[in-house]
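Each of the next two complexes has subunit A plus one more chain, namely subunit B in the first and subunit C in the second.
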Partner chain A sequence: MTAVAAKPAAGGAMNPTAMGVGVVLLLILLGACYFVSPGLGLMALIGIIIGGVLIGFGTHFVPVGGAPAAMGQAPGIATGVAMLAAGAGLAGLSGGAWAAEEGTAVAVITGGVGGGLMMAITCMLVNFVYVFGMGIPAASGKVKKDPITGDTQAEFKSQGTEGHGLPFVSFVGGVIGGILGGAGGTIIYLMLLDLYKATLPITMKATEAQIMPIAVSLAGMFAVGMFLVNAVLTAYNITGTIEGPHDPKFKRWPRSIVASAAASALCGLVAVLIVAM
Partner chain B sequence: MTVKVEVVEGGVPHKKILAAGVIVSLVCLYLSYLNVMTNTMLYSFFGGLAVVAALYWGSHTIKVLCSYGIGTGVPSAGMISFGSGVIAMLLATKFGVAAPVVALVLAAVIGFILGYLSNEVLNMKIPAMVQALTELAVVGAFTLMGFAVLITGRFTFTELTTGSVSFLGGLATLPSYQVSFIGGCAIAVAFMLGALAIQHPFNACLGPGWTQDRMLMLTAECGFLSMIVGAVMSFALIPAGAALISLIVALIGWGYTYMKYFELSKRDAAAWLDAKPIPDVEGQ
Partner chain C sequence: MENIVFGIGITALAGALATVAGAAEDTESNIGSQGDPNSQVQLAPQMGFLHRIFNKAVAGEPPAYGLWCCLGAGLAWAFMAMQINAVLAIVLGCILAVFVQGVYATTAYLGRQASLKKFGQPIYVDILKSMTTVTMAHAFVAIFCTVTLCYLMNTALGHPFPLPLLGLLSGIALGAAGSATGNPYYGKERQYQNQKFGAGVPISASGNIVRYAEAGERNSLDNGFFTAKLGGPASGVCFGLIVFLELWRTVIFENMKFPGLGAGWYPIFVGILIILVFTIIDRYIETWARKTYGPYTKPEEASS
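Our next item is the complex of A and B:
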């Protein structure tokens, strides 16, 4: 197909056939995992899929402004979806990894808090720069009233822009997105760490204490890889900028759930195979 | 979103760069197997050359993909390339001497499925998407495997996870899992070195004045720059002589490509002035 003949992107439309293929792919990959490693491996894979879906869903909450936001012509944080998701998620993952010895629940909550904190600090400083540095007020271009505070937006919005700054609802969305992303990344890490701690001593014929560096490093690298895959797939779903949970683009999340689940299952299966083979 | 803003005019067609990238990377990775055959580490620098070849090909793939205006920024393509590549590369290292070929096949499968998911499920509808994500996953896997060879001299899972610590002035050695490419998490540094080198060239050169040879020269320059860091890291894991060879190769490559890139930048610039950092004050 030539570039000129290419149709414009369908935007928010769903493609039912492709969604079906995605779900079937997910089931096939789960079946393959059950075939090679029915116990521990399958449990880990299910955890990885949950983590991946949390990352994909959570990223939709994050207010992403891209280049227009840097010029004060669109609301949100002035960088791309993939960068913000990776920043929040990896901050959460580092937090969760520190708490890994305290048990799954504590570690996942710590990861979520880490990611949420990262986004809260980012959103606050972004607003500082917008308000005190660039001299622009926070105003949404997508809604008439802020869904949480009820403040009207239109009077503050400059003509010819889609809004600017970071309205309160976007701030809250950013923190929720950070919490979900950080928790998702931590779940993936913990699942893989438990799997490797249980299986690597047998395959490498060493004690658990000896293989710990390898287990931590492998689980960490796989978690980072899956995190980036899920974050970029979500970025492709959003294509460009999103203001937060009140943005019409937020309604595209079902597509992202299917894509993230299938992609996480694929990458997770590879991560399980490294010890199951 | 899918209106292509630029086309490749003139220059080397993408298929040629693709073929050259795959072949040169694979050959370089297998040439490093001379290390095992001769029981030395002297041929580790072939890993670094594989990195440069893979990045050279990858940055042109990013150009093909991102000239459609995917709306997510050029760096996202580098991120998904290495995110999917690291997963394929880690499993491939389990296959012993077949590792590079397995990495090629496995990364292509992962990249193809991710391309299908983004094009159909996420409705991107970009003609080059599936092929580009397939290629990028292979580029990510090859680059990381190249760094593994550069830093440790080997590409098999056992060798990448097992190192040795010497004490008493080298009189005795103990096996250690911590002093290794994966156990010491050198792979994380390699990941970022590669990801930065692949996303930078097109991001820096895009626009109406884009020329193919200038972007590719910048890619080679970034690749050799990453190779310098990799070669410095390799002093920890391979004998100093072998690491020095890698470092010298990297420095020569970087110096040459940097000069060439400078020349090409001057060629493409509308005008340039050789300004001095601090102007001379008259009368002194």
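Our next item is the complex of A and C:
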């Protein structure tokens, strides 16, 4: 079959075999972790998987138009999916890490709000530049009406383009994506920090105060790495661009969740093995 | 109380540094033609439009700035560990990071232009000589401001992350904010100045970028001059607001106890409130544009 004859998989076409393989891989990795470090390690890995899945799911909400958006040819933010999701999520992680002393719930929500805040400011300024810098109103190319505000879209689409700017539903999607990404990144960081705080003093024969800088750096680096893994996986799933939660490509999220869970489990196992072996 | 006043001062300084960093980052990326609009600079010769625009998409702006700011912060951190004064250490770290940026810019320009040889696109040595140093200068401003704000967050405000990791995170956020806000202004408004104002670029016009200036051929310095008027400042405001509001809500409300919930909840509620304020502003901008500019076609004629 040639590329031309291939059916475009715009909707949520799932491959049950691949999903099954992903789930089996996930269970094997969890089993391996249980074998190596049944208590703290397994708990940390489960937390990492939850964080990874949140990042993967959250990235689907972020309206990214890539290169066409930079020319006003397609709606969304004019940059890459992984880049924007990483920018928002890592801004959230930076805030969440700050609140780590206040407890897991406060830190995770703080991280989420930090990511959402970054996306809210960015999306608002994107529309500001489109409207006041370029004189172009926002219009979606994928739906006739904005699902939230009910604004009609087609007549605001300029000739020869698929739409431009960020309609309100895309703005809301961006904020939700930032919140989920920031919260997911912070969960990964906190889980690893707890694990390293408990195990590194024994491994390195030092006090907790002495190993703290190493624990914080290690957990932070792993959180950044796993963030990028999950964001890039999702970027493949949506083939580079998406308008937000109203885009038909959004329906592809289940397979991304399985992929994110399996990838996070593998990366998380490596992070656990550093102290478990 | 003194702590809070000190914290507010640091927050304001960090916000100002972030604003300058954002503006310099966007102007650097536009002069170097990095980021998504560079797809058109790369495409133009393939469509028969030879040009004298710099062409250095080393990587997406966020990972590129993540690398450069992380390098600057890491080297500054190493210099500080060698007991060198913090200001000098940051300057030295950033200078070294900028040399890496210069190497990337040079190799990216030569490599990308060489790949267009079969379409007749020459490699202009004068462009390489004059543009690379200008992008390096702007990159230095962006990296220096970002590393300094990371140093302030780390030393004065007590952020738990070490300086190099903060540099990486801030660099990625800087690139994301700068590319998101500044790219459309460079991509649509400058590269396609020959297209109608107030409309997106038709897909059929792809590659037909403006190549001539008031006198002679347009080069990337003209592009930097143009985008520094709106795209750059807007990117600066974007990154400045992100850094300022994020630090502000933490510094002021961190230690206040919310009745019934305890410490740490005030910054969350303030953050949610700020998100709502920006949502309202965005909605206002969107409806203002719809009312003021009006539709391109009549609703009944529109096809989806």
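Keep this in mind: the second predicted complex is superposed on the first by the 265 of 277 C-alpha atoms of A that agree within 3 Å, B and C clash if a C-alpha of one lies under 4 Å from a C-alpha of the other, contacts with A are read in each partner's own complex, and residues count from 1 in each chain.
Please note the rule applied: contacts are C-beta pairs under 8 Å (C-beta built on N, C-alpha and C of every residue); 3 or more make two chains touch, one makes a residue touch a chain.
Please read these numbers as outputs of a predicted model, since none were measured by experiment.
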| item | value |
| --- | --- |
| Joint occupancy of subunit A by subunit B and subunit C, clash or fit | clash |
| Partner chain in contact with A:L195 - subunit B first, subunit C second, else both or neither | neither |
| First (subunit B), second (subunit C), both or neither touched by A:A262 | first |
| Which of subunit B and subunit C A:V53 touches, first, second, both or neither | neither |
| First, second, both or neither for A:G135, with subunit B first and subunit C second | second |
| Touched partner set for A:L93, first subunit B, second subunit C, both or neither | second |
| Touched partner set for A:N127, first subunit B, second subunit C, both or neither | second |
| Touched partner set for A:M221, first subunit B, second subunit C, both or neither | both |
| Subunit A residues touched - subunit C or subunit B, whichever exceeds | C |
| First (subunit B), second (subunit C), both or neither touched by A:V270 | first |
| Touched partner set for A:L30, first subunit B, second subunit C, both or neither | neither |
| Segment of subunit B intruding into subunit C (one of 77-85, 167-175 or 203-211) | 203-211 |
| Footprint overlap on subunit A, comparing subunit B with subunit C | 66, 79-80, 83, 86, 213, 217, 220-221, 224 |
| Residues of subunit A touching subunit C in the complex | 66-73, 77-80, 83-84, 86-88, 90-91, 93-95, 97-100, 102-103, 106-107, 109-110, 113-114, 116-118, 120-138, 144, 149, 151-168, 171-172, 175, 213, 216-217, 220-221, 224 |
| Contact footprint of subunit A on subunit B as seen in their complex | 1-4, 7, 68, 70-73, 75-77, 79-80, 82-88, 90-91, 94, 106, 110, 113-114, 116-118, 120-127, 157, 161, 177-178, 180, 182-185, 187-188, 191 |
| Residue numbers on subunit C that touch subunit A, as the complex places them | 35-37, 39-40, 60-63, 159-162, 165-166, 168-170, 172-173, 175-177, 179-189, 191-192, 197-206, 230-231, 234-235, 237-238, 241-242, 245-246, 250, 262-265, 267-268, 271-272, 274-275, 278-279, 281-283, 285-286, 288-290, 293, 295-299, 301-304 |
| Residue ranges of subunit A in contact with subunit B within the complex | 1, 3-4, 6-11, 13-15, 17-19, 21-22, 25, 66, 79-83, 86, 204, 206, 210-211, 213-214, 217-218, 220-222, 224-229, 231-233, 235-240, 255-256, 258-259, 262-263, 266-267, 270-271, 273-274, 277 |
